[in-house]
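Mind looking over this structure? Questions follow.
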Amino acid sequence: MDELVRFGVSIEKGLLAKFDALIRRRNYTNRSEAFRDLIREELVKKAWDEGESVVGAVTIVYDHHRRELLNKITDVQHDFQGTIIAAQHIHLDHNNCLEIIAVRGKPADVQRLADTLRAIRGVKHGTLSMTGAGKDVE
Amino acid sequence: MDELVRFGVSIEKGLLAKFDALIRRRNYTNRSEAFRDLIREELVKKAWDEGESVVGAVTIVYDHHRRELLNKITDVQHDFQGTIIAAQHIHLDHNNCLEIIAVRGKPADVQRLADTLRAIRGVKHGTLSMTGAGKDVE
Amino acid sequence: MDELVRFGVSIEKGLLAKFDALIRRRNYTNRSEAFRDLIREELVKKAWDEGESVVGAVTIVYDHHRRELLNKITDVQHDFQGTIIAAQHIHLDHNNCLEIIAVRGKPADVQRLADTLRAIRGVKHGTLSMTGAGKDVE
Amino acid sequence: MDELVRFGVSIEKGLLAKFDALIRRRNYTNRSEAFRDLIREELVKKAWDEGESVVGAVTIVYDHHRRELLNKITDVQHDFQGTIIAAQHIHLDHNNCLEIIAVRGKPADVQRLADTLRAIRGVKHGTLSMTGAGKDVE
């Protein structure tokens, strides 16, 4: 764990009161932790904008009854094996599966994986969520 | 202007170095101002999520050659006159106009105005941008 | 699988050419599948905006060396066991873990789970991604 | 206005019913117009992602009582005069002004303008909204 640096911050009284109320509702126990999370969120946006390595999740929902769909989804995942860390499969209901794929790589590659999976007929939804920077995670 | 409160914040050394680099690139001259802006951004998201009053801009692009389009856009704006503060009109090119409408009101009303304008045939794009809380702006 | 309905759509020639180029790059093999995905994406946004049941993923990155962190994360997950379907744990590097939690429930509950996990000291990042409507998935 | 092309689309019955309900609520009178808007929205995202020219609005809220603030805001706008089309100024309340700046240019330049304005002390909020592609608007 990295050494902590302590420094002073000045905020208008009214603004600070609203911030304190907000972070209390979000279950933070102190301001420093809330500030750290706001900072990290900005760094993830920057990593994503600038094409640095990121980690995240690709989620898809699909109807497993559709012929050949499972094979296609598996084929695509193998084409992107450098990007995929692992996958988790959940049976949502009689027809629908939720598959969550943990990914690490350049934003463009991760995006291309998500696009390719979503374009498969029978895949109903697809999202890409960027959780963090892929390296030098602080 | 509200009284400033000064307090201490603890951040890991490596994380703070990255934050300092990030805000320098965004032209901030000190950390407090950057923190204030991060806080205000969270408060705007909260106002929007919870249906509090917000201010913002609705922008649309449309082809002014299309018959009756200007009348329809004006009619809609009059239906929402309680929500609209003012509008600005820009000639983008020979065919296309950009109209930016300053709005204040409940998120649901502002969203409905944006949806209604965008649904008009000939209106090519429409966005809604929430700038700030509509009252008690800190 | 649901019966297909076929109907006509009119689009300006230039706009359609750009759409065809865009979906080709995203690996779609036909327009109908691309339209279906655009529609489903709108329905997910609607479900989320209106508090209907959704499915998705909460992802967090944390330093597993921090004392008591694993216990706290597990405690929170048990408090939300009605919302959580399953969780997947990935070792990102020597210090950092990526945990991806499959969730189903009201947007407010899912958001509260994500907020609570992110507020724990040592949890570095957290995102919430809404993949689909939680029921009547089309 | 561009020539219309008509073609067939196949959508599952249940999904189409939900789409029809959604667009009716958004005040669309026909599906083609709704599809055109979905397509244009994707093209704007693409233009933004790939650094093509865009048009949009930068909105800021600031306290006009703060000394030198108006001069600084004006100075920045002059530095970016190639990017700014026009600006509109609204008096929100006794202290606060809303300024909406119509912009056209590369996403990176427009983003830098928004960042620079937001970083000025006294500027409380700032958003950037990308309305459309800056040229070849369909």
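Every chain is named by a letter (A, B, C and D) in the order it is written, and numbering of its residues begins at 1.
Assume contacts are C-beta pairs under 8 Å (C-beta built on N, C-alpha and C of every residue); 3 or more make two chains touch, one makes a residue touch a chain.
Remember, it's a predicted structure, so these values are computed and weren't measured experimentally.
Averaged C-alpha coordinates put the centre of chain C at 25 Å from the centre of chain D. Averaging C-alpha coordinates per chain places the centre of chain B 9 Å away from that of chain D. Those residues of chain C in touch with two or more other chains are numbered 1, 36, 40, 138. Taken pairwise by the contact criterion, the protein chains form one closed cycle in which every chain touches exactly two others. Of all possible chain pairs, the ones that touch are A-B, A-C, B-D, C-D.
Across the complex, chain C is touched by residues 1-16, 18-19, 22, 31-32, 35-36, 38-40, 42-43, 46, 136, 138 of chain D.
The touching residues of chain D, counted against chain B in their complex, run 1, 23, 26-29, 33-34, 36-37, 40-41, 44, 55-57, 59-61, 63, 65-66, 85-86, 88, 90, 92-93, 95-96, 98, 100, 102, 104, 115-116, 118-119, 121, 124-132, 135, 137-138.
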